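The structures considered in this document are given below.
First chain A sits with chain B, and in the next complex the same chain sits with chain C.
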Partner chain A sequence: MSTQHSRAAARLLVAPSVVLLFLWMIVPLALTVWFSFERFNLLMPATREWIGLTNYRFFLTDPAFFAAILNTLLIVVGVLAITIVGGILLALLLDRPMFGQGIVRLLVIAPFFVMPTVSALVWKNMFMNPVNGLLAWLQKAVGMAPHDWLATTPLFAVIVIVAWQWLPFATLILLTALQSLDEEQREAAELDGAGAIARFRFIVLPHLSRAITVVILIQTIFLLSVFAEILVTTNGGPGTDSTNIAFLVYAQALLQFDVGGASAGGIVAVVLANIVAFFLMRMIGRTLEG
Partner chain B sequence: MGSIVLRQVEKVFGDVTVIPPIDLEIADGEFAVFVGPSGCGKSTLLRLIAGLEDATAGTISIDGRDATDLAPAKRGLSMVFQSYALYPHMSVRSNIAFPLKMAGLAQADIDAKVKAAAETLNLGDYLDRKPKQLSGGQRQRVAIGRAIVREPSAFLFDEPLSNLDAALRVQMRLEISQLHQKLKTTMVYVTHDQVEAMTMADKIVVLNKGRIEQVGSPLELYRRPANRFVAGFIGSPKMNFVGGAIAAAHGAATIGIRPENLAVSRDAGDWLGTIVVAEHLGSDTFLHIATDAAGTLTIRVSGEVPVHHGDRVFVTPDASALHRFDDKGIAIR
Partner chain C sequence: MARRVTVTQKLGFTALAWGVGMLLFFPILWTVLTSFKTEAEAVASPPSFLFFDWTLENYTEVQHRSNYVRHFLNSVVISLGSTVIGLIIAVPAAWAMAFQPAKRTKDLLMWMLSTKMMPPVGVLVPIYLIFRDLELLDTRLGLTVVLTLIDLPIIVWMLYTYFKEIPGEILEAARMDGAGLWAEIVHVLTPMAVPGIASTLLLNVILAWNEAFWTLNLTAAKAAPLTAFIASYSSPEGLFYAKLSAASTMAIAPILILGWFSQKQLVRGLTFGAVK
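This part shows the complex of A and B:
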């Protein structure tokens, strides 16, 4: 199919889009790298100068940085765990024939259409508020002291909010995968003496493995950069308890007006994201092949 | 060991009666074939026996025990599905071992049984492959392997050969027959292909719209079909049916004549006709002849006959081999 000739032609024809995409990526990246080596504070724009690795030294030795890395990972892992386990359970439920199936499915998918800022505010003010919130009211109703989610367990609160947003996505992908499971396979397993749990473990779960991988990959990309939910609820606090890398870079650039430091943080974030991507791609390659 | 008895078993989906109440007995060790046109309820009947569908009414006993409300796994039956239903992410070995693992057997026993099954089915070289890496015939064997390791009291097959090409189908037909002779276990086999039914069965159950038209050995059905449906369904090429005055002369609404019971002659005979198509198979010749009196007839002549399209010939039925049917299609004996 691909002669020498046609391959050369193919390269020529895709070149314009490749060049465009490359520029699209490389120009901002190069500028960011450039800024990260400068003293560049928006409050003192006249004092721009080359300072080498100083920005990196400050950013990487900042105690907030380690807290932020840990928080970023906790958000990714926590949300993935909740959405995948919850998504599988919901998909199993929704896969059964029931009354009002269409409406129930629509309701389950609805949170995905709510903007992150809006849903975070709804959670903050209507559910997690220690005075007026629904959760506090429930606790008071059973005689417990209300729990102040955003002040005492801010990271967990953020994880819950983000997981609530991503649960529909995971459910949707897993539900379609579940529906593609061959009915005869299920019946064969039933005849082979596999009970409901064994069928799930040996037939359904392996069948879902690809879909789960896809959910992990796509969600990780977005979860590494959770921002709006933190901004409108905890503002990264108290202290740095709910600051992730994305929020730290924002705080550096726009709260401290330190473009140089923020750029260094951005580059660190890019490197970290690539490390995660490397492991993810390896994992995916294995699952999607088999 | 593996007798299956259905008493007044009925299946209704919504308001459609797929299986009206039927009675059926399958003896231990028998090879029973359910045959009928597509959509007549063969699979449904088999799934009722397997327990994958609940009977709307009636009782099913397996091995002398009432199994009507028993879970599928508890009935001691194995089933081979039309799609094979192999577990795609498991190796051939794990596929065959799966029912044993579910039964909680020791690993050593499992290995021994899988090995024995693989030998019986010539799968020894493929044990570590995934189903995807096998041909259709090999997949079929794995599905059978998974069924035999459980040592069930009966095997259920739902059109197991319909996804195979013609040559492989003939070969697998033979292998399943041999397997039956070796294991001597009851087998219930569903097919829409009457050739499979004729070649494999001890007992054929002819189904039509969920009803049992006739039960009997292949030759019984061939020689003494109970009605027009069975007469037309069993046998290839199909039986010829002639109505009108010719049938009335024999005291019937319709008479049936098998293609091999018609003789062809250039000189003399009962019905004069024109050869429409002559199919020369070497061993046999099939002639389709448009007769003036009896409509188009199919005739089977042994060996080669030197006739061609367009020839005018005489056709004579063998009067001793006529099947007579009344106006409801029931055989008159």
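This part shows the complex of A and C:
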């Protein structure tokens, strides 16, 4: 029973959120688009002028840009592969009867709450350092030459660190979904003689499909913008070996002061994210119906 | 009805799960242990796990050298400030959308969420320049404003999914009794909404505390919260593992404990109600 009066009041209550978000979204984005058509270097403000698509042409023919696109995708795909497969296995394990289940859950979820700069530095120094790191020590203990993670396989090192942070998220969501699975359905299948693999394939996996989609989409949003982990471990290097788009744009803007070029890169990042977002919105939109 | 499991099986699952759990938790445990070592012991080979001379000197040293407390307070002010301001803006909006849904409410919610999908690098340059011109770089105020705007869609969404579950009949009844809009909010809705608001607060403090794009790019020394403070350890001088560990332990401990309390809300909050 909503009256004219209360509907107007409702609109008034929603307005501040909408206006703020609109300003936050539209104003800077419009400025980014504008800058991307300009020659605009903070060190040489006098040379500022409209140069059309030159920044984009420059950006799109820069080998570093393609390296960054590839690295961005490798980070997303690599971390997703590790966290989804690992998350499903872990969720299945944690769903079994055991002693101290609550404590194990706490142990597993913990890495998610570690701030990115801390986890990156801890992994970089105390685990992946080829001289003093724990992994190097382990390798030496079994007679292998220590692996210099950040120098020889920098992107893989970044993927490992980021995956460690996101595996708990995937596990927790998949476990939540798993626990809503109807136990009787599994038992019925068992009575019908379905083996463990068949039960997983035809009952558990379909049940988890929605949660898996959610995990993939939400993680992708964050993984497209991995930044702190790269900044404090490899600084994008060696060369551009671990530079993703977020880091490239940052370096272009705040290290080389090339506002125009960085803006063009930013717009490319927005387009990329939008493609992903399109699918995510449809997915979540459907859950709103229910 | 639970399936029957033999004790042996249960012990097997227990061992396996604890093993995997400890493995994932190990980097955190190792950081905490190292924070109590001397710098020499921190890089000793073979590494010592428990049998070393426990010391607290790294903690006093970190505070002494880099004024840890100030960065800690920056984190508290920025994460709590942005969340509380966000709640003040979002509670009325979420309330209206949950109980006075208009035709476009759903589109509006989706649009709000879509702002969350914009990668921060897309707006880094203009925000940086605007902040420079307004002298908001390296200020708590500037960072609080940015984090409020980043959090706002999630806060609205979380509150909305909680408010949705409050039965509408109660509101109808209150309205029948002649309660006005204000009375309805204060006396009927608020008491029922408190748990949802508390969960939202908790989750968003955690997210804001760990936010590491804007905090790194918009602060230098003065307003740097712990994320940026810790990053300054990436180019260290001399032996520093133990001090890095002490600083890290202090940075993650409070939020880890909050996080453990919020696991349930976490799933629901971060999936926008799609998984409960």
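Just so we're on the same page, the second predicted complex is superposed on the first by the 256 of 290 C-alpha atoms of A that agree within 3 Å, B and C clash if a C-alpha of one lies under 4 Å from a C-alpha of the other, contacts with A are read in each partner's own complex, and residues count from 1 in each chain.
The rule we apply is simple: a contact is a pair of C-beta atoms (placed from the backbone, for glycine too) under 8 Å apart; a residue touches a chain by one contact, two chains touch by 3 or more.
Predicted, not measured: the structure shown is a model, and the values here were computed from it.
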Exercise. Classify the contacts of A:I203 with the two partner chains as first (chain B alone), second (chain C alone), both, or neither.
Key: first
Quiz item: More residues of chain A are touched by which chain, chain B or chain C?
Solution: C
Exercise. Name the contact category of A:V162: first (chain B only), second (chain C only), both, or neither.
Key: neither
Practice problem: For A:V76, decide between first (touching chain B), second (touching chain C), both and neither. | Solution: neither
Quiz item: After superposition on the shared chain, which partner residues are touched by A:L106: those of chain B (first), chain C (second), both, or neither?
Solution: second
Exercise. Please work out whether A:E187 is in contact with chain B alone, chain C alone, both, or neither, and reply first, second, both or neither.
Key: both
Exercise. Share the list of chain A residues that count as touching for chain B in one structure and for chain C in the other.
Key: 184, 187, 190
Quiz item: Which of the residues in chain B end up touching chain A in this complex?
Solution: 50, 52, 72-73, 77-79, 81-83, 85-90, 98-99, 102-103, 146, 150
Quiz item: Hey, which residues of chain A end up touching chain B in the complex?
Solution: 182, 184-185, 187-194, 198, 202-203, 206-207, 209, 290
Quiz item: Which residues of chain C touch chain A in the complex?
Solution: 1-3, 5, 9-11, 13-14, 16-18, 20-22, 24-25, 27-28, 30-31, 34, 43, 45-47, 89-90, 92-93, 95-97, 99-100, 102, 106, 108-110, 112-130, 149, 152-153, 156, 172, 175, 181, 206, 209-210, 212-213, 216-217, 226-228, 230-231, 233-234, 241, 244-245, 248, 251-252, 255-256, 258-260, 263, 266-267, 270-276
Quiz prompt | chain A to chain C touching residues, read off their complex | solution = 1-2, 6-7, 9-11, 13-14, 16-18, 20-21, 24-25, 27-29, 31-32, 35, 90, 93-94, 96-101, 103-119, 121-127, 132, 134, 137, 140-141, 164, 167-169, 172-173, 176-177, 183-184, 187, 190, 210-211, 214, 218, 221, 224-225, 227-228, 231-233, 245-246, 249-250, 253-254, 259, 262-263, 265-267, 269-270, 272-274, 276-277, 280-281, 283-285, 287-288
